[in-house]
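So that you can tell them apart, the chains are marked A, B, C and D in the order they are listed, and the count of residues begins at 1 in each.
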Amino acid sequence: MRAAILIPLFPLAGWVVNGLLGDRWGRRAVAWVACGTVVAAFAVSLAVLARLLALPPGARSAAVVLYEWIGTGSVRAPLGLLVDPLSVALALVVSGVGALIHIYSVGYMAGDEHIARYFAYLNLFMASMLWLVLAGNLVAMFIGWEGVGLCSYLLIAFWFTRPPAAAAGVKAFLVTRLGDVGFLLGIFLAFAVFGTTDFTAMARAAGSRLPLGGPAATALALLLFLGATGKSAQLPLYVWLPDAMEGPTPVSALIHAATMVTAGVYMIVRMHAVYLRAPLALDVVAIVGAATAIFAAAAALAEPDLKRVLAYSTISQLGYMFLGVGVGAWSDGIFHLTSHAFFKALLFLAAGAVMHALGGETDMRRMGGLAGRLPATAGAFAVGALALAGIWPFAGFFSKEAILSDAFRAGRVWLWAVALAAAGLTALYIARAFALVFVLPPGEGSAGPAGCREGDAPRAAGHRGLAPGAEVADPPPVMRWPMGALALLTLLGGALGWSAARPGVLARWLGPLLAPGALRSSEGTHGSEAALAAAGLAVAVAGIVLVWLVYVRRALRVRSQAVQTVLAHRFYVEDFYAAAVVAPVRAVARWAGGFDRAVIDGAVVGLARAIGGGGAVLRRLQSGYLRHYAALALVGVLALLAYWMWR
Amino acid sequence: MEAVLFGITAVLALAGGVGVVAARQPVHSALALLLVLLSLAVDYLLLAAQFIAALQVIVYAGAIVVLFVFIIMLLHTRSGEGPRAGAGLPRAGAGVLCGLFGLALLALAAGVRETAPPPAPGFGTIQDVGRALFGRYLLPFEAASALLLIGMVGAVALGKRLRPAGDPSPGRPQAPPAGGPARAR
Amino acid sequence: MSVPAPYYLGLSAVLFTLGMAGVLVRRSALIVFMSVELMLNAVNLTLVTFARLRGAVDGQVLVFFVLVVAAVEVVIGLAIIVDIFRSRDTVDVDDVDLLRG
Amino acid sequence: MPGILTALVAVPLIGAAGVALLPAGRVRAVRAVGLVTTLAALALAAWVWARFAPGTSGLEFEERAAWVPAVGIAYHLGLDGLSVSLVALTAFLFPLALAAAAGQVRDRVKAFVVTALLLEAGLLGTFMAQDLVLFYVFWEAMLVPMYFLIALWGGAGRAGAAIKFFLYTMAGSILMLVAIVAVYLGSAAGGGAPTFDLPSLLREPLGVAPGVQAVLFAAFAVAFAIKMPVWPLHTWLPDAYAEAPPVVTVLLASLMAKAGAYGLLRFCLPLFPEASRAFGPLLSALAVVGILYGGAVAWAQGDMRRLLAYGSMSHMGFILLGIFAFDVPAVQGSLIQMVNHGVSTGALFLLAGYLLERTGRARTDAYGGVAATAPALAAAALIVVLSSLALPGTNGFIGEFLILVGTFQARPAAAVPATLGTVAAAAYLLAFVGRVFHGPLRDDLRALPDLRAREYAVLVPLILVIFWVGLYPQPLLVRSEATVTAVLRRVAAAHGPAPRAAPAVGSRAGGGERTP
């Protein structure tokens, strides 16, 4: 199992090599190194999977300790891996999707002069993410946790000469770091409670150290969840993710859809033993998840920017995952994570192909009717969109239905209803996006204000937007093949979770590891399962039909100006943050700067001035006249004499 | 005999002291100072300090007063006092201070044991003082010689400053306003 | 010693006070200087008196050192007075306030 | 017999004398001799550091010679876990600073090198002295060269900044001198001879009343707090850091500030355990205020050196917080953070110096897009910034993590707001990166040269240390663990129960079974 260390080490080596030497090599060498290391990581993951499969289900867990990393006093944190079904499953998803996106990037970034830097960052991200999922304790996990945040920052701000990109990178880093404060405090609390942060040790001791529903368990679970809301862009810390679309599209696909943002879900599943001791915290997770799901889906409705639609969609789908783990459906959360990784990566890659063809345009109002000119791209997007909408037989259908039925069967009917409504909205916004981009004639969505445009680098077509008669074509094979592979995975991915008799393959694979959710009150019958699935499917189809009626047939016009405005401002959350958080902090900082000068330094300078003033008074005594000094000396002598004589 | 001698010298010394302080011309002060010094030399003899008495005559009366007189002659008429600048101390105040101080000293003096037995033979002779100087006080004695050397060098240095290079005139009776104070600093 | 020590000390006290009055009242640097010499001599007289009173020669040794210091002081002091006179054309101490703060 | 520690102090002094004998015009020779001297000191310090036996709490390489036996003053040098890494850090940073100075200090080079070497001797002595008077002598010996380094080679406002720095630190030193004498007098209470010798002083409790102990503690603590600096005694810092030449700022921030923190650990805690416990909450509160306040003010600064200065102060708050948590991991974190802060903040100021050297611009808004024209400079800055904002894998994380985890056990109320300080650090440091390196490339910066070979030579060792400590901090931690435990046992023994050690679940190394 020690070979598992190679999984993050390969991309790390790619980062070092490309980071130090990439600028001197040719672009091909850079691309080969970058893709090769990730493919190698995927291959090692497969090998490790094979090794695990050879073991009996109960023994498929191995800790690999590299060396003692931090060890002083009562704080011990080795640098170690935990190789078990969960981490290997995640490693496979991450390295697999990552490898596809690396290959896609070769084509997408072909025109960029900083390709070495790009691939170095991307490799560093892969190393961090793989380390995150493989780490054996919370502190080691935090390396990956922050590492992916760093790479996210670096890649969002990849085109750093563009102020919006630079600002978005900083925003992403700061907002997630705010969540990481919770994560850090959670680590501290874990040390206080367990004396260690080793996952297996904590899972074993959770029952004895954490009273059910006690403050320690609830605090620990909520603090860690705060970290997850930052990294996984949940309410209220989701605000950075839409802005993160300033980065190159493959980055959005890999980091801000498929892998990094799911770290929070993974972490909760990893710490599920603790969450089981804190029902209140689990409820919070489920409620935040459901609220995020519907909120972000609604926010995606009025968004004119294709990538930002997908970003809100990601937030919404992550909400589903948190809803899943919040009702104790650990393996279904991971299932949706996996299928989402497939179809959302596919959607982003297809969107990237559109942008690639249109010279970086992302505003859907400037697109239209592209289905005929980009048939392969349109097909890929359609597959992803149908999966996202939850249409049978795509992966998204199975995973979403699993979560919906989990919520229903856990007795959280309200959450189920909210999630179902969100599913309808999901179908609505993705169908709208598909219609605007591929179906409707160009210029349909009234040319809005400019400014929805990705970085200047991928300039394949050399012009911007959809100019009449311009040469618009499907992307080169190096980009088409990864899209095809992901489409295939999206088609087949449902098999991971759905089988004739639940639990599915993934659930059985993870089964020995994950204690069943305590909140699953009753196993539903097969009949109710089918009814639930039918309800979900009906809502999705209704959403698509509604789009068809409104946008294509123009049979319906349900437009309320107020709703439009609220949606266009995404419920004013960002404005609220700007007014309630950013502005006050800025004001306090400025005030503190002035305070430091005026009051604290002023006190010191004032003291100096007072001494100087006293000196100015006393210097009058120094008349410079000899006799005055002599007289003063005489007075002093007289005083001394008097003292001696009368003492 | 001793009492008479002391009475005479005391009166002379006091008169000289008043003369030093009260004389209008510096040269009169110098002569009065000479009178004080010589009177005190006699007192030293009365107090069995032959060597000091000799030194008093040689160094003080012989060297120091001569130096004063020399400088007074050098500075000629301007060695006196100018018109009052107004910066002075009120004379009454100075008088009161000095009076108080003098009374305090006298009170202290009155409290001292009155007499002592005749000193050992040879007390205060040049051999006696010399033995102390080259014995117990050898280090201060050598330091004093160094001090004398430093004084000499200092005087020479101060004297040289009077004639900076490139300035042919030995002195500057009418000091230019710009250069003068700066140089004095 | 037929004259009691307090007489010598009294003479010394009066001389010292006179010298001090000179320092305080007179404005001619030369006379101030001579007043200082007067005070030094008063001190010397005290030292010699006490040496006689105690029968120890140390007081006289100290007088020797006072003499040395006085000689040096006069040399330097007079040089400074001459210097000031050369630059300011006066020896009135009230015209010299270089020590003013 | 003079031993290796004496040699360590003597080498810079001899080097200074050697440089002083060279003709001032031979700038290259002067620089070479200075560099060779500091490298020789580095070699000695590295040898000492490598030979230092971990696991012992006592002094090693001890040297003792009577100095003023009449009043119990001795020339007593020694190293223990508190000082060994700081000595190594000092010796490590001086060659780098002198190498960097070659590009920044161009006039009076000879005087500069001599002064810097004197400063090195003072610093090394400060970290090694085991006698209160000897410590005080070195402490002041370090102040004077620093004054001249600021006052002679600084920027436009150097005179005011230098005087402010000098008076501030002098005020603290005087208080400490009085307290040293009081400690000396108090040490005779047990009936023995009074002494200034620190190990002897620690053998039995100080014979002073609790109230007096509090006053003495305060006198020492104020002296050290000014040097660190601790809020609100910090206002000399922005002026001094901004006006000193960049390399001198490196020495100020990296080493001089550590002398203050080191003094707290070396003297305040062991000598006055009761008072330390009594003042602990107050100092922890000041530390938290310093962390957040420094971060906020840094964010509002337009001058990059002032930004970094307040940031440095904010980071020193973490060190203070850790010291007064009285918890082994926290104090260990503080010690390692001293080294980290020395490396990271030093590197930040060096980079600021490189930027200033190239453009002469101090304000961050006078830059923009530098990463486009100087990618290596930007990459180095990014690494150093990340280390400074405590990214895991870099050295800064180890220190801040240990400090916070230890503080969380001891003082949760202080740990929570302090953890927010990590966000503040990210805010102002990324703002710095964003304003200087990102954004559109300004036209007047298009010709900005990237790192030169000499600058690589200075930065690469620093970056290597950043990653080394970040990934394998154990060599530092094991060297100080025994000493820190001993000091804290002393503090804990003052009264109250011993510090609680959370029992670990599972095996020590982390529970899971190892697989081959």
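By definition in this document, a contact is a pair of C-beta atoms (placed from the backbone, for glycine too) under 8 Å apart; a residue touches a chain by one contact, two chains touch by 3 or more.
Computed from a predicted model, the values in this text were never measured in an experiment.
S.K.: Could you see whether B-C or A-C has the larger number of C-beta contact pairs?
M.R.: Answer to which pair has more contacts is B-C.
S.K.: Using mean C-alpha positions as chain centres, tell me how far subunit B is from subunit D in Å, no decimals.
M.R.: Spacing between the chain centres: roughly 61 Å.
S.K.: What whole-number Å value describes the gap between the mean CA coordinates of subunit B and subunit C?
M.R.: 5
S.K.: Round to the nearest whole Å and give the separation of the Cα centres of subunit A and subunit C.
M.R.: Each chain's C-alpha centroid was found; their separation is 92 Å.
S.K.: On subunit A, where are the residues touching two or more other chains?
M.R.: Residues 623, 625, 627, 631, 634 of subunit A touch two or more partner chains.
S.K.: Touching at least two other chains at once: which residues of subunit B meet that condition?
M.R.: Where subunit B meets two or more other chains at a single residue, that happens at 87-89, 94, 97-98, 101, 108.
S.K.: Chain pairs that touch, all of them, please.
M.R.: Touching chain pairs, listed by label, are A-B, A-C, A-D, B-C.
S.K.: For subunit B, which residues count as touching subunit A in their complex?
M.R.: 87-89, 93-94, 97-98, 100-101, 104, 107-108
S.K.: Using the touch definition from the top, list the residues of subunit B that touch subunit C in their complex.
M.R.: Counting only subunit B, the residues touching subunit C are 1-3, 6, 10, 13-14, 17-18, 20-21, 23, 26, 29-30, 33, 36-37, 40, 43-44, 46-49, 51-52, 55-56, 59-60, 63-64, 67-68, 71-72, 74-75, 78-82, 84-89, 91, 94-95, 97-99, 101-102, 105-106, 108-110, 112-120, 123-124, 128-129, 132-133, 137, 140, 144, 147-148, 150-152, 154-155, 158-159, 161-162, 171-175, 180-181, 183-185.
S.K.: Which residues, counting only subunit C, touch subunit A once they are in their complex?
M.R.: For subunit C paired with subunit A, touching residues are 20, 23-25, 32, 93-94, 96-101.
S.K.: Any idea which subunit A residues touch subunit B in the complex?
M.R.: It comes out as residues 623, 625, 627-628, 631, 634-635, 637-638, 641-642, 645.
S.K.: Any idea which subunit C residues touch subunit B in the complex?
M.R.: My answer: residues 1-22, 24-28, 30-31, 33-35, 37-38, 41, 44-45, 48-49, 51-55, 57-58, 60-61, 63-65, 67-76, 78-92, 94-95, 97-98.
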